[in-house]
């Protein structure tokens, strides 16, 4: 289905970095849901990230909803969000049109689209498109939140610096919204910021690992095969640019565990079934068990660095060197953290809508 | 789409551990493809795994193809593979019907299906269903191989023991088929087998990490958003029981890298564009670049252990203890390695069929 | 999606006329639904049709459910129905393998499958496959009936003979089950049977028009664009072999009406909103309005006739003549009436499941 | 999938009659296809219809393509077309917000969206949305035409007046583009225009039947079950407002034919296999046979009439009467003819893309 995600609640993305506009169409929204436009703006602002580590591209990210929204509420018909591109300096890109930036999509896009893609600023592959994805996610988030589902993402590690895990999710999620940089522990935040500053000075970039937690998500959602909660979430999370790994619960640490360490005993607390530990990250057999869903995403370093790199000119089919000019970031993991939250919200709302119907009956 | 995977080449799974039969329907197969039934049998045999570490369930895994296959070749119409269940001792399971095995799907299945699911032996959640998935993958593999695409999976690590990476893929893939246990390095294999034997003696189990490599896969396949190659592959790989993490290329190691370490320079070798390193695992911007696709899967330890575990009886809604009887394995990672290969083959054939059409024109 | 129909409740068909078995996989069934196997048998028997007008192929149509069905109820996991082929005389077909039967799919199948399709008895195109579709529909029907939704189909016309319309749907639907030939009016039935008998004597065949009515279907189901109730129903109805036209309500008669004749005034009767007339066949703007859904299907005459026909040998690429031997029917409209009911049930259950969720909450 | 149509080439619609904008996202377009914007404008102009029979709403239908289009060609990434709404007089509609216009979607929309839909001018159900569908179809048409596929639609009948069938398709299709009203025969056109004028004077409206022919479409496209060419085409055609019947080839006339009259003999002419007659409308067994695809659509009379109608106020739940004010048309069949062509083009391009891959290799 290419640029459309979802079976019951669907999001279609469109747009290029230097085109007229980017946007998203959201279909299958429950009618009558209030949407707070300020919350969309707030998430878009978070996505743009702390000034210190973000590019100079000065987009206001002003969005307009052109359909599916009436008198402050969703109508239930497709909701289209548009974000116009204003600050597009095409001149920056034209000369290196056919020089592949390593670890970017320039070369694969050339092959796939036979050279007809809009190459300016990465075109449809640009991180800019995540503004539309984020706006879509911001709407899904509000609908989830109204049903007690909350999502938060922080930088769990960057290089050798680790943040603490979520402790009090409610408070920690709120804290993340107030922070200019999504690290829970103050000391860790400072050290990660130093890492990024150092990378920037060196003309280099850094990666990291994100931790996302979803609380309040109903049990019994997901399928045993194929449309497992893990499968559906990972499907969309790998669309967040630079994400190259997705795991749930203990994830890759399971590789060093024994069954007796890894299993989560079921217990009854306050009349409710929970698990004593949550190494399975809220999912058993592809289906939610009411415990928090715990996701880790590996984020690779920004491919754009200020260093001369060996590469090819794919039109001339010859070896060349490249020193990328223009705006780029020493880290995108803080931006990715917002997009991961948004993307997760989209997938989770789709799963809920499939399970409980368009009207989300009973939740 | 629940138990159906794929857009252009689709696989539908059905069956329960103790039902009459399990099976798969494959739709969208190119007509006229020879299918070597011996190769299906061989992969099914690999899946059953080395006798020492596998359960006593004695299934012959004899399959029959009841449609879509005529005079030794695919017809292009849906191919249904059936595998009958013979060795089903239901008595083993009835008494603990409502006692949730920790980290299994018993409790979530009860919630999802309101208690109507076939609980015997895990029912539709049973690892047994992977026999059908493996048979389907064995067919996809043959069609891919005929076009130069090969896939191999080995145990990269188990606890603190690591196997070597693939060196000569062609030879290593062949070697894997001859091994009773999928570890490339002889010393590492011995040590991992010791780990499993020790776990078995202790009534416990172990997990591990798999490495899968795909060679010869054409460039230009995949989508920038949503149907990225990573997204499509991970979607199906999380259906392999016990897989809780999926990463590509350097995966979670990206978190400690800088951009200059992580980027793969493009070079021209023998007139062909390749990358000097392959930290992106053959995928840039969601699209294949002709380099080997490198996948890691984290596999959790077998949840079934011979130790008393705290859990609940979900029908009585009360706390209880469980000592699992019956057959179970101290490790399933060696079985998972085969299912991962099969599942990857299915997703890759779907991606190819979408890109090049049902007839796989031009490849 | 080829041989799979549906988004929320999905049916996948497989099998060939002379292969080992045909069957269907039903996915997305609400768990815990009792299925009366006798009702499946009864519908399969109806599909085989009155002895006088049906082929000599002597299939018992004994089905078995090999998965997704436990202790008399659906489990909620994929339900696979298998029907083995017993009475397959391949010899009948081999000699005319490459001679295209006019108005059959022999030639288009040859082009599509490049000659690799199982040509015996029409292979995957055979009306035999409708036994699997009927069995799937018989299950959907029971789930619908439990919620007050009933479906009946009769022959509205054959040549110049017309049956009466449904009057008392409940009674008329029951009557149809008791009839050997689905015509409501006794005189009309006799005359249509005479038409068919005459055609058979002449080595020819007849077509007709079916009328299907669905009662008790909830309002508010369907989408304004694309997945209109009309669009979804017609999509599956054109899979019923020989159906070449599908219309709703007044259908093609609208072409001679004025708006004041065609519009259905809304009225309130017994506190319930209904329409005074039902020319729109229960659907406004693609969405059900609680009135009976009225469908007409045009069925072409059986293409197999006992007359010499001009045609081609598509392997030799030369003109030839054909006198079809073997078994075939002077009419299939009575069989088609059963398959139309079954197919409609599948589409309607899919629409309900999308609207109200897998558990059909609230209906 | 609600407001998205297609598997390989997908169109997503959005917008409401009186919202900010309507539009469509086209995904899966072959990259590098030149798009003539004049041709889009021309089709949009045709859709607006002859001044005499169309509403006073004065929309310029100026569209802009905001993504997926670069240097005059498709990029292969999602192409979004936007058409802003200018001439929106909401005041016309507010007072009769909850009075259901008979045969319109007001009441079913109220039920489906629980009263949250944008009711102004029919909202998302408005015929206005067909401008976006037409623009999308105009793009698909150009891509088809470049491969020799042409589509034309005329009014075959209105009340008791019949147009002639297509004779020389190439010429007739061109003629249709030059006509202000799509009837091929001059006398018939005059008489149909008289019918419409008379209806307008009477405050009433008329319906009719459309005939669409597709020439040059490749053989071997379509599926035997479910995704038959008939099923896929009808699925989208029932989205054209007022279409209540779709048939192929002889359609409902098959009901009075014998097999010997209905069968199309295969013959070889100029070395090419064709059928002597084309009663099956170019489709055998759901698959194209290279003959022209012949489609009939039944179009109901415009539901908006200038006569007092009995209806309900669905918020007050009481009986009332309605005299519709504002702009409406005595006929929409001439507009529908354009939308049918556009919708058919979308479905046919989707079928081609699935069969031959995104790049339409080999055609």
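Residue numbering begins at 1 within each chain, and the chains themselves are lettered A, B, C and D in the order written.
Here, a residue touches a chain if its C-beta (ideal position, glycine included) is under 8 Å from a C-beta of that chain, and two chains touch if they have at least 3 such contacts.
Quantities reported herein were computed from a predicted structural model and do not represent experimental measurements.
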Q.
Measuring between Cα centroids, which chain is at the maximum distance from chain D?
A. B
**Q.** C-D compared against A-D, more contacting pairs
**A.** C-D
Q.
Centroid from C-alpha atoms only, then distance chain A to chain C, rounded to Å. What do you get?
A. 45
Q | chain C-chain D separation of Cα centroids, rounded to whole Å | A | 26
(Q) Distance between chain A and chain D based on Cα centroids, please, to the nearest Å. (A) 38
(Q) Using the touch definition from the top, which residues of chain B touch two or more other chains? (A) 1-4, 7, 13, 77, 112, 124, 224, 359
Q | Contact footprint of chain A on chain B as seen in their complex | A | 1-5, 7, 13, 100, 102-105, 107-109, 111-112, 124-125, 129, 133, 157-160, 199, 202, 204-209, 219-228, 230-232, 234-239, 241, 243-268, 273, 275-276, 279-281, 283-289, 296, 298-305, 307, 309-312, 314, 317-319
(Q) Quick check on the complex: what are the chain D residues that touch chain A? (A) 1-4, 7, 10, 12-16, 19-23, 25, 27-28, 31-32, 64, 66-68, 70, 73-80, 82, 112-118, 123-124, 359
Q) Which chain B residues qualify as touching chain D in the complex? A) 7-8, 77, 224, 354-359, 361-362
